[in-house]
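Sharing a structure, written as structure tokens. Questions coming.
Order as written gives the chain letters A, B, C and D; numbering starts at 1 within each chain.
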Amino acid sequence: MKTLLILVFSPVIGGLIEGAFRKVNARMQTRVGPPIVQPFYDLLKLLQKRPILINNYHVLMAYAHFVLMATALATFLLGGDLLLVIFFHGMSLAFLAMGAYSLRSAYSHVGATRELFHILAVEPPLLLIAVNIYMNTGTFLLSDVFETQRLVKIMPFSFLALIASLPGMLRRSPFDVSEAHQEIIGGPEIEYSGPFYAPIYLAKWLEKVLVAAFIGIFFLGSPLIVVAIATSFILVLALDNSTARLSYWDMVKITWVVALPLVGANIFLNAQGVL
Amino acid sequence: MKKIKVNQEICTTIPMGSQHVALPEPVKLVFDTENEVVKRVSFDVSYVHRGIEKSLTTMYDFKKAPYVVGRICGICAIAHSIACTVALERSIGIDGEVPDRVRAVRMIGLELDRLQSHFLINGHLAEVCGYENIFMHLWRCREFILDTADMLFGNRVQYDVVCVGGVNRDIDEKTGTRISEALEEIEESIGFMEEVFTRDKTLVKRLEGLGVVSKDKAFEYGLVGPSARASGVKTDCRIEDDWGMYRDFGLEIITMTEGDALARCLVRVLECFESVRMIREALDSTSPGEEIQLRVRDNPKKDAVCRNEAPRGELFYYIRGTGKKIPGRVKIRTPTFANIPILPHVMIGVRYNDVPPLLMSFDPCLSCTGR
Amino acid sequence: MIEASLMDFKDKIRKLYIPEKVHYIGVDAYEGEEGLEVRYWFFSYETRDVVMVRVSVKHGERVPSISDIVKPAFMGEWEIADLFGIEIEGRVENFFLSPDSPRAPLLNKKKSEDQAGREMGEK
Amino acid sequence: MLKMFITSIKNLFRKPVTQLYPYEKYEPFDGYRGKISWEKGKCTFCMKCGRACTSGAIKILIYSGETKEWVWNPIQCIYCGECVRSCPFGALIQEKYYASPITKGEKLDWSEIEKKAGRLEDRWRRQLRDRRGKRKSE
């Protein structure tokens, strides 16, 4: 029953988050912006369009991307293993890149390469954060982690590291290199269209829910949990609106230089018993 | 020893165009890249030839010409109209009789056009750098300039205000005062733009040292407009071929020496200040009520040229008058035409993700080039 | 204005063009009653004058490129090659016109038909 | 960067500057180059506007007898206002409103009108020539 509820509601919440992202983004640029349910309209429109198949493998990878992202989210929400979640998430992105490599489109190839750099930039901090959680709770199993209250008190620097890798995870400027529509026009997603793009679009929503849940871990048991998630998303959007896009080597460099020492410091302090 | 021949085809070929998000207009650039570093460039501009030169020598008589050439470019319409008109007036032989008020109104039109064009391209440059917010802000400021133009001439971009022998609408006293109020607000937004392009770290990081054109190269390739001035070439057709009153108002030529993409942006920003000053001077210099249109009795009979400074640089018109209503030949050399030959040389060795900002910093207008 | 023939116009341009002092504007062609002519436009920064170098050309005659003297000249040359059907050395076909557009559109109609016919005959 | 960050946050609490266009009406300035309207009473069918029109968007159909028609193609028009200035009787006015877009039902068949106008003009010229010829022969 719980599983079913999660499966039904997480895309809806994801869509609403996506809509809110657009709305807030528009308001930051002093525009009115689309209505908050616009992503659902978009999805319906995508499903109605004429399917254009390039090759079977390409489409299969889109579905694999979606399924793995959904699995990652389900694993997370049902209290599975945290490491599995991170691996599923990384694998899901890798499938997107593999799909993009199956074509001859130059943009797709460049985008796929950049997508791999995304994984390279974002996954190590996430893994280290997981390690840090393990240090403090003694388990990778999320159902046990959920019982720990207010992790942020003992791992504030890890939380900051998560915030620092958020632009990379959500593909927001300055680290939106993989879809960079002014350079490679959507990168790995460029050749998908109509109903075949829909799973990727849905996976994006799910990824947002996953990210929100990840932030949520740190604030479990606190009434501030929603505020914390919203604030960190707004921070990411404001950063998006105040920076130009950097290159992918900058992305890897900056994410690592900022996030890894932060987590490292937290691990060190936890080990010393200071926090 | 046997020489190993490296296969050039190993490069990843990234086509950019003929339709691309970063390009406002159709041009096709093909980059051969290695690890996203550009090794070779080839380009093709054969997408938008509309045969306007031909139509001017077959279909339209010379009085309609300013309206027709205004349609060459969507952004610098009035620059084309003015250049064509001045060339026609020289061909007819009435360019000395054009009243001061007409010159002033034309100058106001051209400078407003320059303002909005510079805002447009700098905003677009920020957009292709991935900085959407600046793009929105600058285009909002541009919207205000367009409103000002709308108030003055009744259209936002296609002013259609220039006709042979004068202008077809005057600026009355009331609008004049409203414009001078609006100019202050425009100046404020130019200040904002200057701050963005000098202070904003990520934007400056993207643009600084990108696509450096040295002064010698700029001379060698005959660059025009802000691109040339950013490399330190002191050239401005408003001074060199003065159809208005630029020399009287003491127009200052803004130059920089760096020659990179950032310098090209900053030259545009500083030119905006100068444009506002020119509009103020032009508004104050003459008063409404004078004659604004000469009666044109003759047909174009001499050969005449006009070099006008469009927002993108030197615009060259040559008209061969034959004594008939329709001129024998109209030659249009647009500013982008002069700025394209250097592009392949500048782009080699640049990372692919820096190509769109580099291309945009030259402010290309391919519809002009195709004509 | 400088009159020149096909033989000596490159020397004249070489003498005239100094990158720091003379700005190259463009190249243009015109078909009058006397025949085709190719004009090279320059602007002198010192005297603030527009200088024209005029070369008369017959139909079907090959015109050497000046892009070894004036580097950006190749674009203008390819353009007139496309629009007037003038043979210019080192030109790229269909640089300004799309492959399916009419050939040499700026020539007077009758002559361009003649030329088209000649081209067909050659093939 | 920092300034834009603060501005972005501030903008959240400001009113957006964009309009929801079809719902909120846009009021053009005075002197806006808009729709061209024709007053039948003042027009003498002198054809000056048709000759002045750059894009050939005005055609005047003179049938035999007194029936005459002024046709304007809002799609082909470039709204330069040259026809309004050329009219000696003030029969044409440029209003400050958009020419409303044409729906399928009221679409002008412009090529048909151009052909008709050409035919009518030819006939009219022929009649004029005939009349002159008659006068000369008399």
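Going forward, contacts are C-beta pairs under 8 Å (C-beta built on N, C-alpha and C of every residue); 3 or more make two chains touch, one makes a residue touch a chain.
Here the structure is a predicted model, which is why all the values come from computation and not from measurement.
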Pair of chains joined by more contacts [C-beta pairs], B-D or A-B: A-B
Intercentroid distance (Cα basis), chain B paired with chain A, Å: 43
Interchain centroid distance [CA atoms averaged], chain B/chain D, Å: 30
Distance between the centres, which are taken as Cα means, of chain D and chain C, whole angstrom: 41
Whole-Å gap separating chain A and chain C, where each centre is the average of the chain's CA atoms: 58
Numbers and ranges of chain B residues touching at least 2 other chains: 133, 140, 200, 202
Residue numbers of chain D (touch at least two other chains): 1, 3-4, 7-8, 17
Interface hub residues of chain A, defined as touching at least two other chains: 28-31, 241-243
Arrangement of touching chains [line / ring / star / complete / other]: other
Pairwise chain contacts under the document criterion: A-B, A-D, B-C, B-D
Contact footprint of chain A on chain B as seen in their complex: 12-15, 20-22, 36, 126-133, 136-137, 140, 200, 202-203, 205-206, 351-356
Residues of chain A that touch chain B when the two form their complex: 28-31, 106-107, 109-110, 173-174, 176-177, 180-183, 185, 240-248
Chain B to chain D touching residues, read off their complex: 60, 64, 67-68, 71, 133-134, 140, 147, 150-151, 153-155, 158, 160, 163, 168-169, 195-196, 199-202
Residue ranges of chain D in contact with chain A within the complex: 1-5, 7-9, 11-12, 14, 16-20
Residues on chain C engaged by chain B in the complex (per definition of touch): 19-20, 23-26, 28, 30, 32, 41, 43, 45, 48, 50, 70-72, 74-76, 83, 94-98, 101, 105-106
